[in-house]
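Should a chain be cited, it is by its letter among A, B and C, assigned in written order, with residues numbered from 1 in that chain.
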Amino acid sequence: MRWQRCLLAAGTAAALALAAACGGGQVRGAGDRSSAPSGAGGAAPPATGTTFVYAPNLDVVTDWDPASSYSNEIVAMQNIYESLTKYNIRTQKVEPRLATAWESSKDGKTWTFTLREGVRFHTGKPLTAEAAKDAIQRTKDKGAGAAYIWDSIKKIKAKDDLTLEFKLKYPAPLDLLASADFAAYIYDTAAAGSGDLEKWFAEGRDAGTGPYTVDSWQKGKEVELSLTAFDGYWGGWQGAKFTRVEFRVTPELTTAAQLVQRGEVSFVPRLNPQLFAQAAAQGAQTTQAPSFQNLLALFNTESGPLKDERLRKAVQQAIDYDGLVAALKGAGVAASGLVPQGLFGHVAGRTPKQDLAGAEALLKEAGHGPGGKPLTLTMTYAQGDADQQLLATLLSSTLSTLNVKLEAEPLQWTTQWDRGKSADTGKRQDIFVMYWYPDYADAYSWFANVFRSSDTPSFNLTYLKDDTFDEAVDKLNELAAVDKEAALTSYADLQTRLIDELAAVAVPYVMNYQRVLAGGIGGYVDNPAYPNVVFVYDLTPGA
Amino acid sequence: MTASPEPAGPAEPAGPAEPAGLAGLAGPTGLGRRPARPLRLLLRRLLRTARADVLAAAGAVLLLAIVACALLAPWIAPYPEDGGTATHPTEALLPPSADHWFGTDQVGRDILSRVLFGARTSLFIAVAVLGLAAAAGVTLGVVAGYAGGWIRDVIMRVTDVFLAFPALLLSLALAVVLQPSVTTVVVALAATWWPWYARLTASVAQSVATRGYVDAARCLGVPAPLIVFRHVLPNSATPVAVQLSLDAGGVILTSAALSYLGIGVHDPTAEWGLMVQQGQTLFTTDWWVVTFPGLAILVTAFAFNVLGEGLRQALDPRGATR
Amino acid sequence: MLRYLTRRLGQAVLVVAGVVTLTFTVMRLVPGDPAVAFAGPRATPAELAAARERFGLDDPLWTQLWNYARDLAGGDWGTSLHTRQPVARDLTLAFPASLELVGAALVVAVAAGVPLGVLAARFKAGLPDLSVRFTSMLAVSVPVFWLALVVQTVFAGNLGWFPVAGEYDSSLDRTSPLTVYTDITIVDALITGNWPVFTSTLWHLALPALVVAAYPAGVIAQMTRAALIEESGQDHVRLSRALGFGRTAVLVRFALRPAAGPVLSLIALVFAYAIVNGFLVEAVFNWPGLGRYAAASIRSLDTPAIAGVTLLVALLYVGSNLLVDLVQGVLDPRVRTR
């Protein structure tokens, strides 16, 4: 009787398998290829070409629409789509991409771009001023993601096939804005014909002009996305180049390190300092580059104990900046001012230093410190971020010697942010820790988004309300478009005001990228304006 | 309803008792109908088992040692301040040596000290979770078993729902939505474990409630709370105690898993699961950061599991036949 | 029989309703605003409002619960906040890989656990018994996430005997493409005779399956041992022994068969548990299953996705229990009267 039971179980399993088998087969990895648009610029190069394998630690694509894409997929999108201009980190200037030349009127309100000749979209359609205009207009109209970069535009006009003219509502550095990491892509708005373009994209298709086009996209699989060379690319395919790009999602750093060691992946965007040193010692190529992303500790200037400027300054001085950077072992570098190096507005020689005696004096003055009233501060930071964790551990250690108890809570972003924006000021934290990075290579967003006052807090989690500061911020963009020197002075003054006078913020460190590249690959340059992006077309495969 | 048989069934075939570690899975069965035993007899029985069962005896010794470590951590830890907020960034990631037997972590804290302090966290969580779960479960179980009728049905169906989630899953979902802290971990785990105690007690209470002398007491007008206190609770004590010791290992493993996933206890509290999580990316370069806390979890869970298994064999009449 | 069947099914339906309600309740405890998570970190108030509208977050709770249950029944499990795909679709993509891993682990667990249990029972109270009990206790006490790290680093990293991570060598997708029927890679490779993919998958499967198998193997060994010792006390076994059959022969031929019942139902129970345990292992070995999906969902506080995973596993658990009970009810009349 017991054997009957076993038989029954086996039978059920077999029946299930059979039922599934009758469902019809499908070849894995080929599903999306068959539905790819015909009319693409010819057959893909043979599969035997060289493959570049990128190992991101999170899923790659959440949004295929180049108008609204605003997330991790940038690492793929920047290889599929192109913008009018591109920011060059070495020269700190904007250089040609789809546009070959541009000029602006004296008042900075009219911009004219000349487009590159002979460019074709992956759909087969040639790039014209009209097509570029349609793409920018659609992105601006959708108003999602980083579309605000086009906010200044009043009217776009295609003057001829290759000349694009923008009329602006107010002066803005449009050449820089056009190089933004998101929302600046030029794409074929007619790719779906009469169909719904958004849905067409959502199925994992693209309509860009870049060197690579989507080959297959399998959400949830280990190799989530593969791209293949676009034969009709305007730059051509002379010389040794990668003809295929794969994104192999690898959440664990140790796993990623072992994979690159064994040559199974070509590039790991970020490792921890120990694994990074190990990889370097074992012969992989490693590069370090400071990013445009810095950590901000935003002090609550409106309510709670840190309303007292002296206490803010005390915390600012209690942070062990050197110790933190040392403990990060290369994952972070010392910050100088609020604007990271490499961006217009950066000021040198402003690296903060720990001053425990000063901090203690300030605390004493306010009635706290050793022997004084005990003080408890709450701090919120990102859960799962080892580097922020380090700041929390070190700072609470230092503050506890000053009779200050730091309650550091790691939270999910939504929870952390909700608490920061809470209408009840009693629920808000005293210190809000977060990373900030710009959407285009400019310092403006630090001031306009993080510190300019607003009635209901969004990112201005210092809750600062300072009219003279606001006025100066509002003039920044116009100033930058017409008088660079004056703008630079203004940026420097604003940083002095925020950090030294108001003590609204501390900048513990600037994130440092520690990249590992498989041996032999040449031509890699890190460009922090496009975080974590590898422009695969520019690389040469190893032997 | 889950596959664990209704404990109150009258003619339940005496299946084999389920092994330790499975306690959170298959549930207690058939521990219900025994009168309370005099303490002396119980002790003698325990001693006899200890002599017969080397493994359980070893578990008991190990556990005593762990409890001692937890209680004495501030005095026996080489660097007691490292169990708290102290940091020494300049001594980060030193390999095991005479100064630091287990090496140091990312911010230079002595890992041996933190492992010792971690025993406090883990044992505290286990005691708090099981205390809460048993208190809630026993109360509801007594009510269900004694009251019977629809009250019993409602309570038992609710336990069915809770038991439909594997322990880690439900506590994981709860811990994710609440904010990470020791309290969250305790609440999330207790919410997962109480149904077992409810079922166990309900079956004891039901069998007691239908007995002659209880009927007689009721007819004589003895108030219900007194009957529960005099007859139901003493009868539940032994099976609940056995269940507690069997569950402790599971609670320790699950709470470590929650901390490992980053949704449990957070720094600077010393917790083994958290230490493994924080050292995970260092495993190939600085092996000691992960190895020792992991071993601590293993040893503690092992001690509880063998002890619980031994206790059950000693106290369960069916176990005694072996 | 019919009465037993309807009663048992009725209970299952009640439990499922409870499971849905409980999942919904837990997810409503989330302190943050799910709309924020969907609309992204730099969303405008208008985008937030649109997201709230889209998820019906402004409706009263009862309406939301009712809509939730209705949508679930209709196959709409919500939209994941981090993948922006339907949760049901994400789950169908991730589940086969988890099933593959847990299936392999259970095979390993049975293959290791049953013989060990027999060995322990055969030499009861002897050294083999002690070592089996010791080992199986270790196996149920080891934190899987830690074991996964250790095993991966030693056997894949240092010794290089096994692949570090992944389900199979992805370059095979081009040289030896797999035709998919069941979405369980190893089964598909087997039925289509795709040997390169089959061996590659087997190779990648070895380490994670071994780690996931630790707990069920320990439990099965203990259970087999206990069941065999229990059975050896029964009259028919004693009789066979008296008739002159050898100890081992008696155990295997007469005691193991009846003991298979409890062990089989145990496997059904361990199944859902192993899937959740697999969560902790999948992340380490980069196995493209539910665990990796759950981990990513936890990181981004993706409540619809977490709810989906929780529900799926709970339903599996209820389902496998129901199946075991029904099968036992069919085969063993005594069960029905309970």
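In the analysis below, a contact is a pair of C-beta atoms (placed from the backbone, for glycine too) under 8 Å apart; a residue touches a chain by one contact, two chains touch by 3 or more.
What you are looking at is a predicted structure, and each value in this text was computed from that prediction instead of being measured.
The central chain here, found by comparing per-chain C-alpha centres with the mean of all protein C-alpha atoms, is C.
The greatest centre-to-centre gap from chain B, using C-alpha centroids, is found for A.
With centres taken as mean Cα positions, chain C sits 23 Å from chain B.
Note on chain placement: the centre of chain A and the centre of chain B lie 45 Å apart, centres being C-alpha means.
Work out the mean CA point of chain A and of chain C, and you get 37 Å between them. With touch defined as above, residues shared between interfaces to two or more other chains in chain C number as follows: 31, 149, 153, 157, 295, 301. Residue positions of chain A touching 2 or more other chains: 252, 254, 258, 384, 415. Residues of chain B found to touch two or more other chains are 179, 262-263, 280, 283-284.
Remark: chain C residues 31-34, 36-37, 40-42, 44, 46-47, 82-85, 90, 93-94, 149, 152-153, 156-157, 164-167, 170-171, 173-174, 177-182, 187-188, 191-192, 257-258, 260-261, 264, 283-286, 288, 292-293, 295-296, 299-301, 327-328, 331-332 touch chain A in the complex. Here chain C touches chain B in the complex through residues 8, 11-12, 14-15, 18-19, 21-23, 26-27, 29-31, 130, 133-134, 136-138, 140-146, 149-150, 153, 157, 215, 218-219, 222-223, 226-227, 229-230, 233, 259, 262, 265-266, 268-270, 272-273, 275-277, 279-280, 294-295, 298, 301, 303, 306-307, 310, 313-314, 317-318, 321, 324-325, 334, 337-338, going by the rule given at the top. Against chain C, the residues of chain B that register as touching in their complex are 1-3, 5-6, 9, 11-22, 25-26, 54-55, 157-158, 160-162, 164-166, 168-170, 172-174, 176-179, 249, 253, 256-257, 260-263, 273, 276, 280, 283-284, 287, 290-291, 294, 297-298, 301-302, 304-306, 309, 321-322. Looking at the complex, you find that chain A touches chain B at residues 252-254, 257-258, 272, 274-275, 277-278, 320, 323-324, 326-327, 383-384, 386, 389-390, 392-394, 396-397, 400, 408-411, 415.
On the chain A side of its complex with chain C, the touching residues are 1-6, 8-9, 17, 20-21, 23-30, 47, 51, 58-59, 62-63, 70-71, 143-146, 218-223, 246, 248-252, 254-255, 258-259, 262, 264, 384, 412-415, 417-419, 459.
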